[in-house]
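Shared between the two complexes below is chain A, which has chain B as its partner in the first and chain C in the second.
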Partner chain A sequence: MATIELLEVEKRFGDFQAVKPLNLTINDGEFVVLLGPSGCGKTTTLRMISGLEAVSGGTILFDGRDVTWLNPSERNIAFVFQFFALYSHMTARQNISFPLEAELGADIDNDLGLGEVGRFLSQRVFQVFMVQWLRRRHRAVINQRVEEVAQLLRIQRLLDRRPGVLSGGDQQRVALARALVREPAAFLMDEPLGALDAEFRETMRAEIKRLHIDQHATTVYVTHDQIEAMAMGDRIVVMSDAEIQQVGTPAEVYHDPANLFVARFIGSPGMSLINGQYNGQGMIRINEGNTYRIPDDWKASIERGLTGDDGEIIIGFRPEAAHVNGDGDLSARVYADDLHGGYSMLHLDLGEDTIVHARAGREMQHEIDEALRFTIDPASVRFFDPRTEAAIRKAT
Partner chain B sequence: MAQVSKAPRSPVLHSTRVDKVGFGPRLALRLRASLVIILTIIMLIPVVWMGMTAFKSRPDAVAAPAKVIFEPTLEGFVSLLTTRRQLLPDEAEEYRQRDDLNFADEIALKRGQAIIGPSQFPKQLLNSLIIAGVSTIFSVGFGVLAAYAFSRFKIPGEDDMLFFILSTRMLPPVVVTVPVFLMYRELGLYDTHFGLILLYTAFNLSFSVWLMKGFMDEIPSEYEEAALVDGYTRLQAFRKIVLPQAVTGIAATTVFSFIFAWNEYAFALMLTGDTARTAPPSIPSRIGTGGVEWAAIAAGSLVFLIPVIIVTFALRRHLLRGVTFGAIRKG
Partner chain C sequence: MSQTTMQGPTRRHLSDRRVIQLFIVPTMLLLILMNIFPLIYSLYLSFTEYSIISTTAPEWVGLQNYRDILSDERFWENFAITGRYALYSVSLQMIVGFGMAMLLKEKFRGSGLLTTLILVPMMVSPVVVGVFWRNIFNPSIGILNPLLGYQNLETSPEWLVEYPLYSIVIVDVWMWSPFVMLLALAGLSAIPDYLYEAAAIDRASSWFQFWRITLPQVMPLLIIAVLFRTIEAFKQFDLVMGLTGGRPGTETVSVRLYREALQGQFETGSSSALAYIVLVIIIAISNLYIRALNRVREA
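Up next, the complex of A and B:
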């Protein structure tokens, strides 16, 4: 297992900047998720780590060793592809043992303990006898290792089938087994669950997470699904427009988004955002009927943090931070009410096309266009500067 | 009140689509099937006729009106594979008395001829096999490698090069026979196997590069990338992953290249003498002492068809999938 460091790594395709220079350290044994919308450069970043894509600039270190210009085969990594990339002309067993076969050739040379000249001779003279014998010995080791991995992923009974006849989930298990079989320095996964049905995805998500906990392998996982990222990652790297927007634990990116992009992208639905104007006296005017009182502990930070002098500001909060009650300080009309099983999601219209989301108990019934009042939990409210799009940090 | 439709009692083996089970569509289907069968028969008539002629005697072969029912004989094959001498009447009588004649001699004798040796045809057939086979191996081999490079790597001027390769096909090959003949004579390639192999490889290469590039593009590059991260070099990945995946395309390309090289007539006629002469130019030139030997020509054509049929049948399974393209399953 290894620590992966990216130093000023960037990628250009002609004039197009696919990845702007970025710095990132992935610690030994960590599960890091690269999250972002399609085209944000997350897959390119992963492919640069793997060596399948050459960097346009910067340095990649594995455990302090510079691997920037090493071939993929020399980096000792395992890659899991979105469409599994199983070899359809081989059985599951042959697919899984394929990476080990690559090592076999090198191992035989090492076992013979011969130098260049000796190797040349061995290939001519002893080859037939020695290599056959060693090959058999290694074959036994390989078979044993394949069985172990198959057991880990519970696919022993599928080993002699071709990938074409396996279900999507089983194909992905075989692909994972192929990655696991060779105890690599790091696992790189490119949307491995993207091609699966919703039902399988849940199961496999848990399986991959469990595998990571058992194996404790450094893993870099690319996805555009923020639920997947929240569920699996030790840390999430949110990317957009070819650069990193925020790096943090799932809780950090959820509760303390660094900017408006992260606030909107994380969560389902994303953070509710209300445009308003700060009046300098602890109040934000939203529109005719609504004025929001800033919690006392935020006042100083906001006054310091706002860059413009017209007081433009954005209030942000998560659905569960909004509470509907009769004497709330904000008024709105019910735009829609979705029942989500355990709770219902209220879409509230504050006027001027501002829709916010509030989570409410499922036992409460709300009519469409009903007027109601709600409050925002002062501990969970966040503020953003519309000019820089960055979050305003709370002074501690 | 809507009725609940019942599940069929027996398994449904025919299509149940509305546009397929109605009377009109079914009639149309029958008509189309009949048309295909009729067309197949029409197309097969020359081949069948050729097969029949190969077993006809000389008078039967040229009989008018044409004979459909006739007494089969191996006369055509005997004259194809042997050289003979016309016997004088008393010589023939003497020959008839001899009892050391094998069945080929007997057949020749019926026409008053004696076999004096084998013909050039087996050698020419062998030449055809060597030249078509080797040039197919070369053109498919180089074609696969070039197509892989074009498909996977960014090559400066890639499109121009592909166009350039195709441009060798933009005029009838026959146009260049005379210059090629002059060049070959200078280079000492006239009437050599290598000369024809070189030429056929060059002509087939453009075709095989283009055809194979289509197939290579179909193979997801993730396959090799998986092998690359698993510790294989580019060439190993190509051999172990790409080649097995491309087998359909290779089969299709092989058949087409082989048929071209096997059937080529103009260059073979112009650029070969006795040594490297292939079968196509030699078959129609079997003019015996008494005119055109139709039975021998038909017999030669029949024998000539066999290798192509074998190659095509051997690769048929791949070929059918291959010519429809898009047949490579992902994952």
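Up next, the complex of A and C:
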């Protein structure tokens, strides 16, 4: 297993900057999710780690070894593709044993002690026969390893079928088996669940997470699905506009987003954001009739953190931090009320096109356009500077 | 059909079925007259003693024509020549065509133009190709021998006399390798890039990738190319006539067939029998290939 370090790694396609210089360390055995909307550079970053894409600048280290300009085959990694990339002319078994046999091909000269001419012929012209021969010699070992991996992924009964007749979930299991069979230093997964039906996705998500816990392999996982990222990642790297927005545990990116992008992107719905003006005396004026009192422990941080002198500020909070009650300090109208099974999500209109979300018990019924009052849990409220879009950090 | 009543009662009423029949019947008649009747009639003739230039009616001789052909050494030689010719030219075309396709697989500046230019020989009429190459092979005016470095007329080979069958093979390879290339190129460009990416991750060397991914993936199209070219090779007539005029050593089955049927005695009966033997051989070979194709394709 390996520690992966990216130092000032960047990618340009002509004038287009696909990935701005970024620094990231992925620890040994860690499950890191690269999360972001499509086109944010997360897949390009993954492909640069794998070596399928050359870097335009920067250095990639595996366990301190510089692999920046090594071929994918020299990095000892496994890659799981979004569309599986199974060899369609081979059975599942042959797909899974492919990496092991390819390794045999590479080891032919070591194995046989051939001279220059022999090595040339064996590596090129006769390779297919040599591998066949070597495979016969190593058949027992290869078969055993394939069986082990198949058992791990519960695909033993599918081994003699071709990918074309397998369901999407089973194809991805075969692809995972092919990745696992060689015991690589790191797993790189490019939206492995993206091509699956919703029902398979849930199951496979749990399976991949489970595999990671069992194997404890360094894993870099790319997805645009923030629910997937929250559920699977030890750490999440949120990317947008070709750069890293925030690196943190799922709880950190959820509760303490570094900026407005992360606040909006993480969570469904994203963080509720309200524009207001700080009056310098602990109050934020939102609009006619709505003024928010800043919790006392935030006051100093906000006064220090705001960059503008007009007091423009954004209040942010998660739906579960808003509580509807009669003597709350903010007033709003009910815009919509969605029942989500165990709870209902209230869409509250504060006027001036500001809609915020509040989670409410499902036993409470609210009429559309009903006026109500709510409070924001002072422990969960966050503040952002609209000028820099960055979160204001609370002094401790 | 409501319009017919509006336009007046004189218009004849045609049902859809009737319209369909009216369109199909002429085609069917033509097909029966030009294809199906001759096919069956020639099968009948192959069991008779008959010549179209004689006034005597076909005389039923049973399997005598087939017996004569299969026991005549000269016919066996025709088959042997055709078989050798098919083996050489098809295998060379596969190697050359597939090789060119591998070279042209990667796009580069002008690769489209180059591909089109390579296809030109295929578009020339075989008779014209025959005449061209007869001049190219010609020891006194041809360009081939000087290009190969032969200065002296005395020692330079006379291709069409000394190596007549190989000469035809060379011309056929020149003419039809582009066809194999075209099919192979279609197959190669249909292999998704991600298979090679996956193979690179799986640490497969480029030769291993070639043997285990490229070749199996294009195999169905290669088999189709072999099928087409083998059938064509068994029918080879125009290039032979254009190049050597069917001189001994190059008398393929088709040339022999032509001579039996339309020269000398106009042996219509026995030439029909020969044609049916060729037909059976081609169907048998095609079946073998198609079986191979299905085995490669089964999924």
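The rule is short, and it goes like this: the second predicted complex is superposed on the first by the 368 of 396 C-alpha atoms of A that agree within 3 Å, B and C clash if a C-alpha of one lies under 4 Å from a C-alpha of the other, contacts with A are read in each partner's own complex, and residues count from 1 in each chain.
Everything below uses one rule, namely that a residue touches a chain if its C-beta (ideal position, glycine included) is under 8 Å from a C-beta of that chain, and two chains touch if they have at least 3 such contacts.
Please read these numbers as outputs of a predicted model, since none were measured by experiment.
Three-chain overlay on chain A, with chain B and chain C in a clash.
Judged by the touch definition given at the top, the superposed model places A:Ala195 against chain B, while chain C stays out of reach. Of the two partner chains placed around the shared chain by superposition, neither chain B nor chain C is touched by A:Ala336. Contacts of A:Pro72 after superposition: both chain B and chain C are touched. In the superposition on chain A, contact of A:Leu52 is made with both chain B and chain C.
In the superposed pair of complexes, A:Val165 makes contact with chain C only, with no contact to chain B.
In the superposition on chain A, no contact is made by A:Val141 with either chain B or chain C. When the two complexes are overlaid on their common chain A, residue A:His89 makes contact with chain B and with chain C alike. Applying the stated contact rule after C-alpha superposition, one finds that A:Ala371 touches neither chain B nor chain C. The intersection of chain A residues touching chain B with those touching chain C, taken from the two complexes, comprises 50-52, 71-73, 77-79, 81, 83, 85-89, 98-99, 102-103, 164, 178, 182. Put simply, chain A touches chain B in their complex at residues 50-52, 71-73, 75, 77-79, 81, 83-89, 98-99, 102-103, 163-164, 171, 178, 182, 188, 195. Touching chain C in their complex are the following residues of chain A: 50-52, 71-73, 77-79, 81, 83, 85-90, 98-99, 101-103, 105-106, 123-124, 127-128, 131, 162, 164-165, 178, 182. Listing the residues of chain B that touch chain A in their complex gives 220, 222-223, 225-233, 236, 240-241, 244-245, 247, 329-331.
Only residues 192, 194-195, 197-205, 207-208, 211-213, 216-217, 219, 296, 299 of chain C touch chain A when the two sit together in their complex.
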